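See the structures that follow.
What follows is a pair of complexes built around chain A, which joins chain B in one and chain C in the other.
Let's turn to the complex of A and B:
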């Protein structure tokens, strides 16, 4: 519990209506989209950089930890905070300040919802390329903190590839401006990118200058079904090696295909080993050439059935299978753990196979959906949390998946972050001197360890 | 420290063939009349670690270089010290064409890297004016080439790094996957850190397929208002624009435009540009603007033409604008025609347009990063390099 004195001071900074500390509210802010629980002391909703500076100064004076939070869609326990932390919600700090069609940029406050920015950019023929699955609710600040990816990531990259500059309130309470529009003509260290993916541990982003991307005039959507994972994996490799850069390339394994078919009845072959959903965009002349290349790759790798959407309705039909995944799988068991492993793209098929073997070995259900074009797999392990034995087995299976990922030259998280969830895997991914160097970065930004402590570094 | 003493110290751990006192480097590139007392050429990462540890033990400043082509941009002219070159660390470590990734040692030259990739129709998109530039140097400087508009800068291709910390620890960060949020993105911090936070030894790059076609077009006019008109309009076109540059010779303005992409769509674009604006087929030789030249302006795209107009309108500005890379926002001035009064006027113009002016190595326009910016950088430097071994007088740490 935070002392009344602190609560009153917070009220003075942001207004009484923007400070919450009732027991019920604290319970609702104790969790994000991960299984981890915090125990916040108060939630505040600042709407200006100055308010955030004042909150940080107050927290520093009374030695209170702070945790920034957007929409709380974090999947790794990065937004729940430690006991009695002040949760700084950026949800109301949410204006789009400028969209510039010539520079192709947007200047936004951190609480802007990803989707709102997409909608605001559209009239200019532009889009904000990163499109995480949570885009209807997740905020730009949160996207930056996690370096969120998205379905279009294969072609357009993750969040950091679209950040040009930031305004940040440092743990000291000082405000800095990083990056900018201009090409560098005098040597300078650009601090913009160390904040991307730092999970809010090095400071609070209060403004972001983002680059926008022209919307391409033509999109083609395809699906292909394969009898073996090897064929599907080889097909992905061939497409990448051909120099075709799809916008989206998703792969669903047999467990997922079956679950989706049972759930949504789309006419998918339940015995297929893999389904690939693929989308390309560009000028019409380009997409035509890309589609030809891709169909050739389907054929070369024994696709048993492929489809190309002829119109928007057919396109939506092809997307249905991918969109039904979460609903379909949710029916299998009450609880699940989603992993976010990444391997080099040439090891994708091998990794899919290895995970399937692990499912067999532990006799559990693992559904696999992967952003194939990025080598990013999301194996989801299903279990019943009410049966302690099942939870233990899941833990063991997870450890084995992580170990195999690293053996394949991959890493433990592609887009969800480390947070609390993957702390224990960090020593597997990094040597001690590498972890030490990261700790030194944290120490130099936040010597008192008050800004979102306890996450990211073991 | 005396030369002989230095050699004695480093000889305790390194073979003599790695210690060069008869300097083979192009001294001009170092930007100083000074000659280094010693250049160390480690033949392995282990050698490099040993050298850094000895430097810490004896408090000897070290100046990491690749081929030294970018050295003077970021180091105040110095008076003594030891260069440490990654030139002999130049092997390919891991090449995965099916993953579009390659890991190379930092001393590999950009042109050698391109050669290795070209046989698979792959390339590394960050071009360098210096053909002998090393990948380590490029990454340390976060270089960008003429086609930054399309390909951005080095940092966008760095997936992972190995580097030796200023205290001589071997650090590996990032990896060979295109997505990675495991821990802090230290690769991004080291990229563009100009050698002060560690010596890069290996770089894992994301590479790309070579575009099907590259096309050059040009446009010549004597009418300045026509130039700005065409620029403004081109920037709004939906085309596969890689670069747009100009040069002024005598009374004529030459605009050069590069497109890269698929054959069929480029054909359509070229025909459109020829019909609509009167562009003609261009030559292969392209205008190169040096972003570290003596008088250089960097502007946001939306104020670029405004900047050109205002400078042209200044008194005695005849011939001042020499050339520019429009898509990179750069204007190179003819520094011989500058006087203090003009410099002041241009500074004010550029400030108003949110741009940057660098004249004779000095930034004259305002920079509003906040005082915390350099403070946190200095903190970081002190924590990772307590003895201030790596480039102690680097310009990137100057207030």
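Let's turn to the complex of A and C:
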């Protein structure tokens, strides 16, 4: 519980309607989309940079930890905060300040929902390339904090490739601007990228200058069914080896296909071992050539059948189904852990198989969906948290998945972040000197460790 | 559902947060306790014993702030039936604490009895026509009464039921025999919809019977008054069972979906459930029925740009989406244009607008702003409850655009041909 004195001061800063601290409201800000729970002391909804500066200064004066939060769809426990933290919800700090079609940029506040930006950019023939599966609700601030990727990541890259400049309130309460938002055009050490993927531990982004990408004139969306995961994995490798860069290339395993089909009812084959969902974009001449190459790869790798979406509705249905994966799997068991491992593309088929073997070994359900084009796998492990033994088994299986990932030359997170969930794997993924330097960076920004403490760095 | 079943259902929610996109209360408030995921979390914690329903008035408030619009459930990848869970909790509150007095007077006292609704309508009409309104306002009586008063449309002089002898005709060689379920709102507040429904059906060679039914029970159900809901359902089922029509026509999406919900209501009473199933199969929304029978296309022109608002009970409960649009498109002169978020709740939700005016008005304003952007001059919708709310919205935004049922426009188009 935070003292009344502090609550009152927060009310003065943001207005009393923008401060929550009752027991019941706190319960609804104790979670995100991960299994981790926090115990917030208060939630505040600032709508200006100045308000955030005041909140940070107040927190510093009383030595209270703060945690920034967007839509609360974090998958690694990065938005729940430590006990009695002030949760700074940026959900209402959500204006799109400018769309500049000539510069192809957008200037936004951190609470803007990814999809709202897409809708705002569309009339100009532009898009904001990063499109995490949560894009209909997740915010730009959260996307930057986690360096979110998305379904189009294989062609367009993750969030940090599209951030041009930031305004950030530092843990000291100072405000800096970086990159394209900096008035000085002299060469600088561009601090922009240090905040992308820092999970809100180095400061709070209050404005972001983002780059927008032209929407290509032609899009083709295809699905192909495979009898084994290996065939699907090998197919992905062949497509990439042929020089085709799809906009997206996803592999869904049987568990995922079934769950998604139950929800979306698209006529996906519920008995298939693997499904590749793939999209290419470009000028019609380009897409035509790509489609031919892809169909060849499907055939070479024993695809049972393949289809090209015949219209925009069919295409949207497929993507809606893909975006529903995380939620749709919720009905299998009451709890789950979703991993975010990355391996080199040529190890993808091997890794998919290894995860399937681990599921067999521990006799558990693991659903696998992978952004195959960039080697990013999302194995999701299902269990019942009320049965202590099940939770233990899951932990062991997770450890093994991570170990195998590292063995294959991979790493522990592609886009979901480390948060609380993967803290213990950090020493496996990074050398001690690397970790030491990361800590030094954190200390230089936040010597008192008050900004989103407890996550990311062990 | 018992506690264990509810808990199992709740655990399907893995807090992915996709409900934020479609939940009207979240869209206008941005608050996590005003979205399905948050409400589910609270219910789960209460059932698990970490919180107590009875000791935390905020839980009751957040549960009651749900519109039961079902948008979350439709959009939920896990298919968590949040509205059903909310209804269960409300039922619990009503069974332990009883209905709030205002709801008791309104629902059990008035809506349960046809004669009393009629009386209230007539009194209200007098109240609107004479100077009593200003007088009462000056005395500043009960706040809730004032809010209800703001919402009330200009009342018709006669109920539909009162006009039936003049409206109903014997159709020569009818193609269909239909029962028209005349709901309370259409009958008393929006009689022009009922008159249009009858005219259009007769124009399409339907012999109409109007059974002597009661309120469908929607207000009682949403307030968690299951006992009264059941009593009304049984009365209606018995009344409808006396007939053997080709279809039971509804022009109120809410009545339609509630009639279909009778099936679930009698889970443990097989006899009534069987009856409910037979009835449910015959219930048809007027637009869908007209499309199905291939309605007559001899129409005159209505020159207007029209946009359509999907009532929650139409689009998500009855799965009616295309039919009313088809009808509007078929009318010569009408340009149908889609508005943003056409299927988002208007914030009416029965008496929600009276009990939760702030949220309700924010949701309503969002809707009216979406309407404005279309440049349409008529807002069409298939539910009198939405009509009441949307008309109120027009008033608040100082717009003169009428809110009309597609069947009203169709009747007008038929008339225009005759002219």
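Everything below uses one rule, namely that the second predicted complex is superposed on the first by the 417 of 458 C-alpha atoms of A that agree within 3 Å, B and C clash if a C-alpha of one lies under 4 Å from a C-alpha of the other, contacts with A are read in each partner's own complex, and residues count from 1 in each chain.
Note that in this section contacts are C-beta pairs under 8 Å (C-beta built on N, C-alpha and C of every residue); 3 or more make two chains touch, one makes a residue touch a chain.
Computed from a predicted structure; not experimentally measured.
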Chain A residues in contact: does chain B have more, or chain C?
B
Who does A:181 touch here: chain B (first), chain C (second), both, or neither?
first
Let me test your reading of the model: by the given contact rule, A:197 touches which partner, first (chain B), second (chain C), both or neither?
first
Pick one for A:165: touches chain B only (first), chain C only (second), both, or neither.
neither
Can A:263 be said to touch chain B (first), chain C (second), both, or neither?
second
In the superposed arrangement, which partner chain does A:456 touch: chain B (first), chain C (second), both, or neither?
first
Once chain A of both complexes is superposed, is A:115 in touch with chain B (first), chain C (second), both, or neither?
second
I'd like to know which partner A:137 touches here: chain B for first, chain C for second, both or neither.
second
Chain C - residues contacting chain A, complex
8, 11-18, 20-21, 30-33, 38, 41-42, 45, 51, 56, 58-59, 62, 76-80
Partner chain A, residues of chain B touching it in the complex:
73-74, 96-101, 121, 141-142, 144, 148, 155-156, 165, 169-173, 175-186, 188-189, 191-194, 196, 198, 208-210, 235-236, 238, 261-262, 264-265, 268, 291-292, 296-302, 328-330, 354-356, 358, 361, 363, 368-373, 375-377, 379-380, 382-384, 395-396
The chain A residues in contact with chain B across the complex are 100-103, 125, 146-147, 149, 153, 157-158, 160-161, 170, 172, 174-178, 181-191, 193-194, 196-198, 214, 217, 237, 240-243, 245, 282-286, 288-289, 342-347, 371, 374-376, 409-418, 422, 426, 429-431, 433-438, 440-445, 447, 456-457
Report the residues of chain A in contact with chain C in the complex, numbered from low to high.
20, 22-25, 27-29, 31-33, 45, 71-73, 89, 91-92, 94, 115, 134, 136-138, 263, 323-331, 334-336
